[in-house]
Amino acid sequence: MKKKIGIYICHCGGNISDYVDVEKVKKAVENDADIFLAKTTMFACGDTNQNEMVDDITNMKLNGVVVASCSPKLHLQTFRSVSERAGLNKYQYVHANIREQVSWPHSDDKLGATEKAIKQVKAAIAKARLAEPLEPMTITAQKAVAVIGAGVAGIKAALQLSDMGTQVYLIEREPFVGGRTAQWERIFTSNETGKEIISRLYKDILSRDNITVFTQAEVVDYSGSIGDFKLMVKVAPRFIREHCVEDNLQKAIDVCPVEVPDSFNFEINSRKAIYNHYPSEYPYLPVIDIQNCTRCGECEKVCKNIDFSQKEETLNLQVGSILMATGFDPYTPADNEYGYKHIDNVITLPQFKRLLALNDSKLMYNGKVIKNIAYIYCVGSRQVNGDNKYCSRYCCTSTIHAAIHAKEKFGNINNYHFNRGIRTYGKQELLYDESSRMGDIYLQFFEDGEPQIYKEGNKTIVKVKDVLTKYKELEVEADLVVLVTGMVPRKDNAIGSLLKLPRGRDKFFNEIHMKLRPVETVIDGVAISGACQGPKNVTESVNSALSAATKSFSIVSKGEIDLEPVIAIIDKDNCTWCGACAEACPYDAIQKTVDGDKSYAVLNSTVCKGCGMCLPVCPSDAIDLTAYSNHEIENMIDALL
Amino acid sequence: MEVEKGKTAKYLKEKRKVPASVLENLKEFTKIKKTILTALKESEMTIPELSKKLDMSTPDVTYYVMTLQKYGFIATGEIDDMDEYFNYKIKE
Amino acid sequence: MARINPEFSKELKKYGGFDLNACYNCGNCTAVCSLSTSENSFPREMVRYSVLGLESEIETSLNPWLCYYCGDCSSTCPREADPGELMMSLRRWLTGKYDWTGLSGLIYRSLTASIIAFVVVAIGVIAFAYAQAFNLETILHIGHYFEMFAIGGVFAIILLPNIIHMWYLTILKPKTKVSLKTYIKSIGDLFVHMFTQKRTLGCDDNKTRWFEHFILVIGYLSLLFTTVFLDWFSAQNLFIILLGYVESAIVFTVTIIFVSGRIQKKKEVSQRSQPSDWFFVIGLLLMGLTAFIVRLFIDLNILDNNVWMYLFHLIILAQWALIIVPFGKWTHFLYRSFAMYFDKLKTLEGVYNE
Amino acid sequence: MQSQIIKESFDTLVVGGGIAGGEAALNLANNGYKVLIVEKDLSIGGKMILLSKVFPTLDCAACITTPKVSEISRHPNITIFTKSEVKNIDKIGAKDFVANVTKQPRYVHVDDCTGCQLCEEACPVSVTDQYQFDLVGRKAAFIPFSIASPKVAAIDIENCTLCGACERACPTNCIDFTQEEENYEIQVKSVVVATGFKLFDPLMIPRYGFGLYKNVITSMQMERQLAPTRPFNTVLRPSDGKMPDNIAYVLCTGSRDLSVGNPICSQICCMYSIKQAQLIMGSLPMADVTLYYLNIRAFGKGFNEFYDQAKGMGVDFTKGKVAKITEKENGNLILRYEDIETGKVSESEHDMVILSVGVLPNQDANKLFSKEDLKEDRFHFVNQPDILASPAKTSIEGVFVAGTATGPMDIPDSILSAGAAASETISYLSRKK
Amino acid sequence: MPNTAPQKAKILVFSTEKISDPAIDMAGLLKLHYPPTVNTITLPCSSGVKPRWILHAFEKGFDGVFIAADGSDCSYGESCTEKTGNIVAKTHEMMKERNIDPARLKMAALCSVCSEAFVKHVKSFNEYLIKSSK
């Protein structure tokens, strides 16, 4: 089709015309090939001119438009929509920047500025000549979201998505929901217990009909991309039938002869092979730990609902987006790090928290009443020699909160905090203040002066050269030493590897941009939330979960997704498959395809973002970018001379 | 009431009195601007030098020199030998 | 190596009501204090030792006596831990520590004990007067002798041993080597500080307080001298009589200013008055006032008919001499002066430069 | 002449057009809801748009804010009122709110202004520039700052001499002194409170000499000095234009300090001070920078590494709170503090001191509702009754809170909390349907 | 305009839509001057510049090519700088083969407000190109 291009050159009320001879620019281009119309205007962006443009485009059936005015950052969208109003495809509109990049920086050289303006307009014309109408690619989106992990973040995200009206699959690897939150007792600031929060939220889940919860479920395979992910989920059996009488189940638990360390209590006590962690835990049904079950059959004798014939199931889910809420692991101290596993009364913070929950009237550990507790901070965080350079954020507050809790619950406790500078940021500072006033003693060290823990007879001594007391060596006889362990990424990262989610320096999942796109990942359609992204407290996890829910929802909400049409185009005839483009692509958008004896690269256009990184690496120059083809760029270069 | 475009200040002037302090401020600024620019026309100067010459406190000179620089009357020149104070000059 | 003792701060709280545990060791108090120097920095050091319960560090330190309680540290403390009041409490605690009888500590810690002591002394005086059949002349006579002996006795039996104990704790125990020459050379400081409180002038905005205090000390000491050695109540010399009037008037006027200050709690220093502080200022006030009235009654020739007035004065006097001077706040007059003296010794011997 | 009340309705009213309000609005608008942002300043973007660079990534604040801000201002579902104030909000029935909003005249027709700055050039008046925190002057006809949104002129009527020079200079005739205050009655279904925070005023601590000593400045003034559109073209002392070579930061100015009534930690000062220290070392390679701190609160993602990096660059960290600042004749400043590590009172001389001022509540939020009770916490931040499970909820149903209106927060946390507020609003609105 | 204006080199700049082009815009906004023979083509990302475009520019008569790269701010990922660097290195090789001075291709990372840096870069590049062409 013959090109009919219209050109509008803006005076910008003198901003341009004071330095650029606008009329001269018009004269220089109006007789070029394909130019159908050339005008100057006082304000191109003004309503009058916009309406005039719409008339011109419709009446003269222009199929290419150039406006030479200010920066495209200001008005590219304006004129694109002018084009659309006139029925012209917006990608056939080209913008020339003759204010910010011509008249203003060259206000000292009017001649030079005019010449440059002519070149810029000619380059824009060159581009407009070749500009094809483009349509955004539309793909249908499954109106369902998979939420991986049913801790507080996952549950909140699921509820939010359900409210917004989409189907949610909440997939939990453990037999029970609640994640780490359920393991904590009182939580700062409201002092609600983790169990209460989880129960409250889970009851909400039960009242929704668009949330399906899977426990003991793991995503084992995935394919597809944004809008249409296909997940294969394996669900392990509970070996207990639903709708059974609770009485019998408790009996079944009681008679089970197996004792295994209870991971819910961080192994400070044991549980049976048929168990739940606490009576009101969701789902209400206990589970049989088949790895540790000896099949002695005792439970079957007292309870009819035990069913060893249950089999593993495999489900195939189709979702439009995936929301990760897989949480964290507490750091496990190295062998003999501060006497861990070598000195009998050295435990970790999570263990201590469970100890507080499990003891009633007296705080006991190893059969001894505890009075003096030493807390060693930053164990596994802010490491000098180890890999974990980061601060785990929650531990200072959590420890102080637990220390106050211990004092209030058991009385007559002395707390000694061996810290590296307390980081109770924000309102959490009040807790630090409160504990100080309650008589907790804070001793500080820097990374080069770690406290020493050793046995003196049957006494455990902690000593440190205290920064706050002119490095005087001080010691405490501790009945219990609590290692304040931080957060580390989940040891089992199968799902992360499966989705190829990138990880940051701290090995937690990485967002695209901390501030611009804080819950999105470079894998389109996969959002991250909660502590799988980095250490967070409950409030912060929930905030990120809700943000992530909105992002996930906006992908699936309309049932279809518009993608920018500017993408790479692979000329398969020229391609000899060397893999360089696939390697260069940050989005994994290029795959190898074998067609008979020929291999070549194929682009997944829904994943491509149009950055062009694959272009220069292709040895046979088989890749072009829409709207930035060799032809277009080289013509522009020619025009600029 | 229809007021001619581009001449609306007069309209508001009738409705609203301009406080004396505002006019005073304008006078003050115009005066200081003139003194500083006149001084700099003779030669480039640093702020302490200007302050001495004009018998004005250094914080005030700093403020006005920086302001006049922002308005495009003054440009920054070279820094002195001690790497402490910049010279300021009239912008061509 | 020192073992932390969290019980100490609980013990210390009996000597004053404040929140030393709130301290988060920012050092603002030390830096804001105009008496604190890079050689000898306080009060945070003392707060820290108190929180940690490092008793031996505190009992060998002179720092609590070096503070004149302007209150800047407390009013600017970001955690309202009240370091100024801590210093005050440490002075009380140290007074108890120096006192071999242990009564000082008891009186500071327990209001009941203090009241019992005051009541016992009062009953004793009345009983004595009863035994003398309320004969004014005998009572006056014995009263005068009592004053002299009380001063001498209290000084010899209580205060001198306590000062020696203080010297042992702060000089001998930390193994400070002080030559005899230094002792002699610095003795002047002892008296300068005892009578002038020169150091207070180092505090910001404190000129008035220093002046009031200075007048009070001078007034009190000269009144003591006038009554005891010039026997004011029996004096015929007009100059002595007038001198006594002026002195007692000074004492009760200045103390009235102090008392009203404590009631209004305007200044930081007077925000947390303890019973011992009240006993001290009220004692001083009543001493000055009753002495004034007693002499007035003598001059008006109405004391014979108002023996109770002198008895009241005597009760105050006895309580002052037997309780407040040996065990109460009066001792700060001595300990502070000696602390300045010992501090000078330490400075001259270069202890702080290490 | 009493102007009439203009009635409009939206799904959500966002009070405050800072980064939190903007983000919340954007999330809502992207999901199809009609949003009105009411901003009391001339530009949206809040405090963030005025910053130099942001920690711990050191990307320029403008690079992050401008795309966001232009996305917000261009969004078809978002209406923005600048220089406007929400006077009062009332709940009508169980579902709706009615807000009275006043729009102050800007004396410029926003749609016609091209941001050419000719009026600014023409204006003869000069007053202190609040957007440069009073370090330089600005005109009475002015564009707030180079990346303001909308980037159009405004007339500071309080300081205008009504000489008409701007009008004569304006090529589009967009200046209009006949503009008057406009009153709106806005009907909405939900409200997001994103009123942000206020900075601590260091005049409250006279012993730091702020206001008296010219070389004692606030961190926000330093932020401007380091920004790309900085007032001095480089970092200079305001007292005499000297290039500083020994700069001190006083952390916890107005935070963690009961003596000024603010016991909480402001959460951002440690990090922005460390950031500024790094930037100073970049632009003045010979300069020494010392941070006087109590505890360094480098708790967020990448923060501690950023702190370690500053130590590695040679920034000096001295533990101890500065108690007093005094000025020497040459404008240098003496800082008195206790060096906690040695336990000794110390004094040090610096040629410039930056007070790292803390975060205080913007109590405007508490005046929004007259009949309903928008509860506040004991520090007058907006209270979060279900802080653990629904941090964006407030004491009024249908009213949500985003960003620093609930307490100190850094930018990533503000953005996440804004996302949460938008999320809660969406589910509230869809449940109401 | 006096005719003594120094000779100006023709420089082609590849900028990026989101990061470096705004910086070049801002140079104009701040009225910072640089030679008007500097012309810009904007791309999504600097790591998508093809060596053949650069060679084409030299062939047609440009004196220099300047890539205003995104640096680590690039929204397409942190590998941008490295990849752009690779392109430059590769093109340098190709330029050597064609007997073109490799110094006529320059690259620098610019943030979106690095306008001063941009002007400094193109000015010194311009000077270099003028000097080397003499």
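We call the chains A, B, C, D and E, going by the order they appear; numbering starts again at 1 in every chain.
We take it that contacts are C-beta pairs under 8 Å (C-beta built on N, C-alpha and C of every residue); 3 or more make two chains touch, one makes a residue touch a chain.
Quick caveat, the model's predicted, so the values are computed rather than measured.
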Chains contacting each of subunit B and subunit C, listed by label: D
Third chains touching both subunit E and subunit A: D
Subunit E reached from subunit B - shortest hop count over touching chains: 2
Farthest chain (mean CA position) relative to subunit A: C
Nearest-to-centre chain - CA centroid comparison: D
Chain located farthest away, centre of subunit B as origin (C-alpha): C
D-E or A-D, whichever has more C-beta pairs in contact: A-D
Rounded Å distance between subunit B and subunit D, as computed from the means of their C-alpha atoms: 28
Separation of mean Cα positions, subunit E and subunit C [Å, integer]: 82
Distance from the mean Cα position of subunit B to that of subunit A, given in whole angstrom: 51
Approximate Å spacing (C-alpha centroids) for the pair subunit A, subunit C: 67
Residue numbers of subunit E (touch at least two other chains): 22, 26, 29
Junction residues of subunit A - those touching two or more other chains: 73, 433, 468-470, 513, 516
Multi-chain contact sites of subunit B, meaning residues that touch two or more partners: none
Every chain pair in contact, whichever chains are involved: A-C, A-D, A-E, B-D, C-D, D-E
Interface residues, subunit C side, partner subunit A - complex: 1-4, 6, 9-10, 19, 21-25, 45, 48-49, 51-52, 79
Complex interface listing, subunit C residues touching subunit D: 24-33, 36-39, 41, 44-45, 75-80
Complex contact set, residues of subunit A against subunit D: 12-15, 42-43, 45-47, 70, 73, 77, 152, 156, 159-160, 163-165, 187, 189-190, 192, 197, 200-201, 381-382, 389-391, 393, 421-430, 433, 467-471, 504-506, 508, 513-516, 518-519, 533-535, 538-540, 542-551, 553-554, 557
Touching residues (chain side subunit E, partner subunit A) in the complex: 1, 5, 8, 10, 12, 21-22, 24-29, 31-37, 39-45, 47-53, 56-57, 60-62, 75-77, 79-80, 83, 86-87, 90, 119
Touching residues on subunit D, where the partner in the complex is subunit C: 207, 252, 256-259, 263, 294, 320-324, 336-340, 343-347
